[in-house]
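Chain naming follows the written order as A, B, C and D, and within any one chain the residues start at number 1.
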Amino acid sequence: MSDEAKNTGRVEAFSDGVFAIAITLLVLELKVPPGPFEGPHALFRELASEHFFSSYLAFFLSFVSILVMWVNHHRIFTLVWRVDDAFLYWNGLLLLFVTFVPFPTSLLAEHLTREAAKGAAAMYAGTALAIALAFTALWRHAIRDARCLAPNTEKEVADLSRQYRYGPAAYLVALGLSYFSAIASVGLCLLLVLVFAFRGFLGRR
Amino acid sequence: MSDEAKNTGRVEAFSDGVFAIAITLLVLELKVPPGPFEGPHALFRELASEHFFSSYLAFFLSFVSILVMWVNHHRIFTLVWRVDDAFLYWNGLLLLFVTFVPFPTSLLAEHLTREAAKGAAAMYAGTALAIALAFTALWRHAIRDARCLAPNTEKEVADLSRQYRYGPAAYLVALGLSYFSAIASVGLCLLLVLVFAFRGFLGRR
Amino acid sequence: MSDEAKNTGRVEAFSDGVFAIAITLLVLELKVPPGPFEGPHALFRELASEHFFSSYLAFFLSFVSILVMWVNHHRIFTLVWRVDDAFLYWNGLLLLFVTFVPFPTSLLAEHLTREAAKGAAAMYAGTALAIALAFTALWRHAIRDARCLAPNTEKEVADLSRQYRYGPAAYLVALGLSYFSAIASVGLCLLLVLVFAFRGFLGRR
Amino acid sequence: MSDEAKNTGRVEAFSDGVFAIAITLLVLELKVPPGPFEGPHALFRELASEHFFSSYLAFFLSFVSILVMWVNHHRIFTLVWRVDDAFLYWNGLLLLFVTFVPFPTSLLAEHLTREAAKGAAAMYAGTALAIALAFTALWRHAIRDARCLAPNTEKEVADLSRQYRYGPAAYLVALGLSYFSAIASVGLCLLLVLVFAFRGFLGRR
């Protein structure tokens, strides 16, 4: 039992490391415009251009998303006391998608203002959907056996289960929206992550 | 209560990871000159050129800045014992700006010796100002409720509050200076971070 | 003795950091196609092309491989309680190969669908073989002195020893296969890592 | 006093993070040859070329160097129990040079087989010298006050002091050698780091 607790600690630490690195690598997507520029105003015009704005948006969206994922991951581990092999598989699948995030982020930054915008938005929403599904699978597996959960947490478990019920459906809508409008799809992703951020943090009470 | 303490520990560990990664990614901004060079002297001339000097300066300035931020962040957490949701938001905002630092650093390295120097300096000082404001907001929120602070730390809290009073104003001056001179603006940023480094370390006594 | 335990802890933490960073750096191999694309379908065609598929495959294969290595590394450290200098050397050699993994991964992603595919597959299988040998050497050294092992773990030690007996031989076959077919060699690597994943996790029972 | 111990712990953790990230970033210096290649043999010829060999050498040399630095850093912290502000400054200076290592490593990889080889070797040896000096300064400061050291460690302290006496002088010779021969300078750096590796590990007994 004490050995199990130790194993959980190391899985948490490894996962935390992956989240912290993935969130910090996002900045590599922001490329310095090579210039030459005639003066500071020309540089500002470039940095405030539509194309750069999509880079900032992608950076911000992915930063908040990974931060919210980390908070959610942390929250799961405050409720789960014992992990089995299948739990480790689902956690591995989740981390696979989390480390993948910088790629659709760069794709969005590069293509949101161009002809292939809907494709980039679909790729982004699809990755978010995959992460939502991995979180749901991880959580469903965790609550299958009440002996694996911390005692006296029925209410918190029910709260979190409700959140996981809506997550995948909401990101499926975002994926569908990308067929009609890239901006609408990305906007819904942004809205969702802000809602989850506030619900997630507030839910900790 | 003991649960709160544990949560703080994990927020600290995650933040530490982000600081450590952001500070180590700065070196990626230093690009190896491709050459060919006629001999070692030609390589040295390139590595000692004005353009490379601005890369070293940007690397050094951002390294010391992030190190000082980490020390300050650490210092806040020695005084704060309990965190609420809003504290986590402000901490998230702070980390957002910290992970952003490599971008204005690269911008400064690339453009400090060229026509758009003032624009790069403004971007750099603006990021520093945003970080100073995020630190101030985090700190103001933390001290709102004395029950969240460690006992018998009134003097240290007052010391830190004084420091946070001047930080944003000083970086606002650096931002304004960039309109007149990129070097003056960057020089003030460097001066400020050295002052904060020595005051921050000394203030730990 | 308690001092030895502390040393092991820090070696584990450093190794964990290296594993977490190496696994997260893999995504940098996925390059955003610069375009321009006529529309989302053109982008999708590119992202679903044979060349991109080899990038995803290399990313997935290396992600799972490093995750399995981390689990194995963790498993070794649950059985080993005391480390000596030679153990640290072998661990250092293992980490050298682990940090190297992103390079053959990029090589495979770039060349698997082109003329030099067999060369890229050989490089990948060769790296996997080197890691398997380093793990075997680390493990053989660890079990030389029963006093360095946790008590009452004879069965687990025997299990792990059996696994390490087959690992290097299997990767040697993968290396040999690359002479005939790149796909067969990479396929065997993928099969092996999935087998080790399931045996490794299941073996923890 | 217990508060001091806690502070040391966080400085160690932050430093460990920086070491682990710096050592893992080294692989980014290895660039995949873009091709096209006529077949696997053409790729192998490229990967076994003199130019690639210098990349492997630089990767290996810097990997072992940073690993040895980490072991030394760890060793210092097993002997030092209390840190003051100046110690933190010296540690910060040391980390500044450590995070810088990937740059001279890339420089060496790119230029060791070309006309500017001596320049790249000088830059590399110079960085190693700076690190040796920073270690010496950190150590000299640490042993100034015996009350900051762990009790009953006089012999180990004397051992380490002896090592730090020769380090900077040896790297100064390596720097001087680069004026005559890049290979001799890099060879001496490699010899030194292997000697320090074995002495460092053995010295732990």
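What we mean here is this: a residue touches a chain if its C-beta (ideal position, glycine included) is under 8 Å from a C-beta of that chain, and two chains touch if they have at least 3 such contacts.
This structure is a prediction, so every number in the text was calculated from the model and none was measured.
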Fewest hops from chain B to chain C - one hop per pair of touching chains: 2
Touching chain A and also chain C, the following chains: none
Classification of the chain C:chain D interface as same or different, half of numbers criterion: different
Copies chain B and chain D - rotation angle from C-alpha fit, nearest 5 degrees: 90
Reference chain A; chain at largest CA-centroid distance: D
Length of the line joining the C-alpha centres of chain A and chain B, rounded to whole Å: 25
Chain centre separation in whole Å, for chain D relative to chain A (CA means): 36
Overlap residues in chain A, where contacts from two or more other chains coincide: 13, 17, 21, 25, 28
Which chain pairs touch, all of them: A-B, A-C, B-D, C-D
Residues on chain A engaged by chain B in the complex (per definition of touch): 12-13, 16-17, 19-21, 23-28, 30, 32, 34-44, 47, 59-60, 63-64, 67, 70-71, 74, 78, 197, 201-202, 204-205
Touching residues on chain A, where the partner in the complex is chain C: 3, 7, 10, 13-14, 17-18, 21-22, 25, 28, 85, 88-89, 92, 95-96, 99-103, 106-107, 110-111, 114-120, 122-123
